[in-house]
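In this document, chain identifiers A, B, C and D correspond to the written order of the chains, with residue numbering beginning at 1 in each.
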Amino acid sequence: MNHQMRTALFLAGGLGFFCFYLWGLHGLPGFGHYPGPYGDIINALTVYQRHATDAVTAVNFDYRGFDTLGEEFILFTSVMGANLLLRKQKDDREEDPPLDRADGRIVPPTSDAIRVAGLALVVPIVVFGLYTVAHGQLTPGGGFQGGVILASMPLIIYLCGDYNAFDRVTSHLLSEIAEAVGAGGYAVTGVIAIFFGLPFLTNFIPLGQTGDVLSSGTIFVISVLTGIEVAAGLVVLMISFFAQALVYRKPGNENRRLP
Amino acid sequence: MNNFLPASPVAVPLIVAALLAAVNRHIPRRIADALAIAASSWCLLACLFLMIRSSHGLIVYWMGGWYPFNGAAIGISFAIDPLGAGAAAFASFLVVVSFIFSAHYFDSIGTLFHVLMLAFLAAMCGFSLTGDLFNLFVFFELMSAAAFALCGYKTEESGPIQGALNFAITNTIGAFLVLSGVGLLYGRTGALNMAQIGKSLGQTHDGLVVAAFVMITCGFLVKAAVVPFHFWLADAHAVAPTPVCILFSGIMVELGLYAVARVYWTVFHGALAEFEAQTRLIFVSVGVLTALVGAFMCFAQRHIKRLLAYSTISHTGLMLIAFALLTHGALAGLALYVLGHGLLKAALFLSAGMLLHHLGSIDELKLRGKGRDAIRVPVLMLLLALGLSGAPPYGTFLGEGMIDDAAKTLHYSWISYVFMLAGIITAAAVLRVAGRVCFGWGDDLDRSQQEEGETDEGRETSGGPDIPATMFIPTLVLLLLGIAMCFIPGIRTRTQMAAMAFTDQAAYQQKVLEHASPPNYETPPQESLVPGMVRGGISTLLAFLIAGLVLLPHPFRRGIAGFSGGVSFILRPLRLLHSGHIGDYVAWLTAGVAVIGGLFAYVIH
Amino acid sequence: MNHLAGELFRMLPFIVAAWLFVVGLYGIVTSRHLVHLIMCLVVVQSSTYLLLLGVGYKFGAAAPIFVDIPVGTPAVDPVTHALMLTDIVVEATVMALLLALAIQAEERAGSVDPEQLRIMRG
Amino acid sequence: MIVMQVAVLLFVAITGTAVVFTRNPLHQVIGLAFYGLVMTLMFFIFQAPDVAFSQIVIGAVVIPLMVLLTLAKLKVKEQGRK
C-alpha cells in the first residue's frame, strides 16, 4: 500500500473507531460522578484496616499488591530486555565514534558554578527521594515515585559534571543486583506470609501507629523494596542508553574528530 | 500448602528469575539451566495438581487475604478452573521443553534468556489463573514485555529487529485497547473482579457494554493474531529464536483466545445473551476469514518458520470459530484442539530449528535435497504434518470432532469444510517442505518465486555435524504426546465437564463472591468418532495429493499450470497486503476494530 | 444549546481520551521516523490516563489522602490512581524496549523510516 | 475549579495533538516533555497527587531523556554512514 491508500484506510477506520468509542463512552455516568463501590470501600477501610493514610499507596502495595508485583516485574523484565537488545555484539566493529557536534565546535567545559550547584542539589535530592520512599503510606509518594527521584541523582551528576562522573557513581553490576534484590524481595515478602499460614502477599507485620513512618506493616517494606527496584532499574536503563549514545565521551576518545 | 500452591506458579518463577538476574554470569550455564528447569517443572506440577483439584469446583484464592466485603471484591483473586490451570500447565510444559531444547543456544548472554523466559512463564500462569480484569492486563503486559525482548534476541540481523518492532507496536496498541475497555467497565460498575463486573452488568447491553466488549476482545485478538490483526505474528515467528517460537505458537497466541473466552463467559455472557446468534455469526465469519488467509499465505512461503507461522494463523482462525460457537461442547473441543495443535506446532518449530542448526538455513528452496543426511527431521515433519490435517489419532482430530458435533446442533455444520480446507492446505505446505528437503523433489532455486521479503535467517547455534539428543528427543516427545493424548481415558468427558464449569457464569459468580458450593453437572453423552475419522482421512489424502502435485517434476506439471496460475492470481494481491510496513498494520488494526464494532453496533440497534 | 453544552462538559475528559487515542494512531500510521512513532504511542497511552482519571473523579471530593482530612470525607477513587501508576510504569518500560529496538534498527538496517524497514513482507 | 478543569483538559488535547503533528523528533521530544508537564498539572487539578508525582518524573524527565539519548545515538550513526 502506498502512503495515500494507507492514510485513507486509516481515516475511514479511525473515524469509525472514534465514533464507536464515543458511543461507548456516552454510557459512562459522566465525569465527576464516580459510581463506586470499589474506591469508596477502600477510602472507608484503609485507615482502619491498614493504618495507612494514603489510600493510593495502600491500594498499590496491599489491596492490589499483586498487580504491583506484576508491574515491578514488567519494569524488571523490560530492563533485562533492553540489556539484551542493546548488548554488544561480538562482530561489532570497534568503530571510531564521531563526535556529536559540528566539526571544529568546542564544547565549553562545565563551569565550576554549575558543578557546585549540581553537588548542592545532589544531597537534597537523595534526602527527598528517601523521604518519599519512606512516607509512601502517609503522604503522596511511595516506593515508585521515590525510586524515580533517587534515580535522577546520577543524572544530575551527569548534567553538571560529565559522563566520567556519572560512570564513577553508578555501577552496572551493583545496580543490576540491587534491581534483582528489589524485585525478588517483593515476591519473597509475599511468600513469607505463607509461612505464617496466610495467603500470598498478606501483611504479617504489626501495623503500628497510624501516621508513623514505620507503620502499615508490609506496605512499608514493599514500598522500600520497590524504591530500590525502581531506582536501580532506571539506573541500569540509563547506563544502557548512555553506553549507546555516549561512548565517544569516554576518556581517550576525547580528542577524536569527525574524519 | 493450600496457601502457597495457587500463588506458586507466579511466585516461584519470578523469585528464581530475580535470583538468576542477581547472579548473572557468575554461575555456570548448566546450573542456571537446572534452576530454570526446576522452577518451570514446579509450575507444571503445581498447575497439574490445581487442574485436578479444581475439577471438583472453582478454587478461589484471594491475594493478601482480602476477601470480598459485602459482596464487593477489594483484592485480587485467582479463580482457578481446570481449563485455566490446564492452559498454565501446558505453558509450563512448553517452557520446560524449551529450556531443554535451548541447551545449545544463547551461550553469549549469561542468564538473561532464563530470566526472560521465567518472567514470561510467570506471566502466562498468572494470565491463565487470574479472576481480575486489570490483573489480566498486567500479566498481558508482562507477557508482552518478555516476548518483545526475546523476539528481538538476534540483534545482529536486521530481520529480528523489524519483526520485534512490528510485534511490539501492534501488541502494545492491543493492550491499550484492552485497558480502555477495562476503564469503560470500571466506570460503569466500579469493579475490577470479573465475577463482580458480570454480576453488576446483569442483562444490560447498551453502547458502553458493547464498546467495552469489542475493545477488550479485539485487544486480545491482536495477541491471538486474528485477521486483520494478524500481521505481526508471521514477522515475529519468522525471526524469534526457535525455543521462543514454540512458546509463541504453542501457547501465547492461544492465550489471547483464552482471555477472550474467559472474559466473555464471566463478564459479558449475561449481557450479550440476547444477541448470541449474531455474536456467533460475526466471530465465525472472522474465524473463517482468518483460517483461509492463513492457509493460503502459509502455502505461499518458502521461509519455513514463516510458513509455520501462517499455519498458526490459519489454526487460530479455526480456534476462533470453535470459540464463536459459544457452547460448552465446542469449548471443550477447542481446549483439546489447542493442546493437540500446540504440541504439534511446537514440534514443527523444533524441527525447523534442527534444520537451521544442522544445515544453517531455513529456506525451503535452498535446502532442497539437503535433508538426506539428517533424514530424521523431514520424516518427523511429515508425521507432524498429518496432525495438522486432523488425521486420527492426533490430538487435533479429537478436538475437531467435538467442535463438529457442537456445530451440527447449531446448524453450522458447514464449518467442518473450513476445518478440512485449512487443515489440507497447511498440511500440504508442510508435506511439500518435507518432500523437497528430504528427497529433492520439486523445483530448484532457479525458478524461485519472485520473493520480496526475507527468505532465510542466520544460525542461532554454533551448528554441528549432528543433531544433539537435547534437540531431537524433546521433539519426539512432543509428537508422541500429541498422539498419546487421544488415548487418555475419559479425556473428552473430563474436558466437557470442565468446559461446562467454565461457561457457567452464575456458578462462577456465586463461588467467587459468595463462596457458594458448585453445582453438579451431569456427564455428557459421547458422540461417535467415526465421522471425524473419515474427514481426517480424506483431508490427509488430499494434503498428500496437493503436496505431490506441487512436487512433481517440471514436465508433468504442465497440466496443472492453469491451476497454479489461478492460485498465484489469488495469492499475489494477498501477499502484497502483507507489506511489512508497520503503518499498514496499524491502519488494518484500526479498521478491523471499527468494522467489528460497527457490526455489533448495528446488531444491538 | 445549554443541554448540548452540558453534555459536552459531562463527556469532556472522555472525548479528549477518544481524540488522543485516534490522533496518536494517526501519527503512528503516517509516521516516517520510528522515534516519532514511539512518541505517538505515548500519546495513545495517555488516552487511557484520561479515561481512568475521568472515571474515578468526583466533584468536590478531596484527594484520597487522609492526613489533613478525617476519614469519611468524600474523596476521589484511589483505585483508578493505582491503576494509572501501573500504567505509567508500563509506558516507561515499553518505551525503553521500543527505543532500544529503534537504535538497533538504525544499526542493522541503516534506517528508522518504516518505509525502509520492510524486510518482513509477503 | 471547573473552569480550570475544562481549560486543562483542552490544553491536554491541544498539546497531545501538537506532539503527534510535530514531525521532527528533536522538536517533538520537547513537545513531549511539555505534554508530560501539562498532564502533571491535570493530575494535580483532578486530585491525583500520587499520579502527578510519578508523571512529572517519568513523563517530563525519564522518557524525554531516553528519547534524547536515542536520537543522539541515531545521529551519530547517521553521520558515521555519510
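Keep in mind that, in the parts below, a contact is a pair of C-beta atoms (placed from the backbone, for glycine too) under 8 Å apart; a residue touches a chain by one contact, two chains touch by 3 or more.
Keep in mind the model is a prediction, meaning the values are calculated, not measured.
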item	value
Intersection of the contact lists for chain A and chain B	C
Centroid distance [mean C-alpha coordinates] between chain D and chain A, Å	16
Inter-centroid spacing, chain C versus chain B (mean Cα positions, whole Å)	28
Rounded Å distance, chain B centre to chain D centre (Cα mean)	37
Centroid spacing, where centroids are CA-atom means, of chain C and chain D in whole angstrom	11
Shared-contact residues (touching 2 or more other chains) in chain B	134, 138, 141, 145, 148-149, 152, 155-156, 180, 184, 186-187, 190, 192, 579, 581, 583, 586-587, 590
Multi-partner residues of chain C (at least 2 other chains)	12-13, 17, 19, 21, 25-26, 29-30, 51, 54-55, 57, 63-65, 75-77, 79-81, 83, 85-86, 89-90, 92-94, 96-97, 99, 101-104, 107
Chain A residues counted as touching two or more neighbouring chains	6-7, 10, 14, 17, 21, 25-26, 28, 34, 36, 38-40, 42, 54, 56, 64, 67, 71, 74, 77-78, 81-82, 85, 140, 144, 237, 241, 244
In contact (per the touch rule at the top): chain pairs	A-B, A-C, A-D, B-C, C-D
Contacting residues of chain A [partner chain C, same complex]	3, 6-7, 10-11, 14, 17-18, 21-22, 25-26, 28, 30-34, 36, 38-40, 42-44, 46-48, 53-56, 58-60, 64, 67-68, 71, 74-75, 77-79, 81-82, 85-86, 138-140, 144, 211, 237, 240-241, 244
Chain B residues within the chain A interface of the complex	3-4, 6-7, 10-11, 14-15, 17-19, 21-22, 24, 61-66, 69-70, 72-76, 108-109, 112, 115-116, 119, 122-123, 126, 132, 134-135, 138-139, 141-142, 145-146, 148-150, 152-153, 155-156, 180, 184, 186-192, 206-212, 214-215, 577, 579, 581, 583-584, 586-588, 590-595, 597-598, 601
In the complex, chain B residues that touch chain C	134, 138, 141, 144-145, 148-149, 152, 155-159, 161-166, 168-169, 172-173, 175-176, 179-180, 183-184, 186-187, 190, 192, 234-235, 238-239, 300-301, 451-454, 575-576, 578-583, 586-587, 590
Chain A to chain D touching residues, read off their complex	54, 56-57, 95, 97-98, 100, 132, 140-142, 144-145, 148-149, 151-152, 155, 234, 237-238, 241-242, 244-246, 248, 258
Chain B-facing residues of chain A, complex	1, 6-7, 9-10, 12-17, 20-21, 23-29, 34-42, 45, 62-67, 69-71, 73-74, 76-78, 80-85, 87, 89-91, 176-177, 179-181, 183-185, 187-188, 190-191, 193-194, 197-203
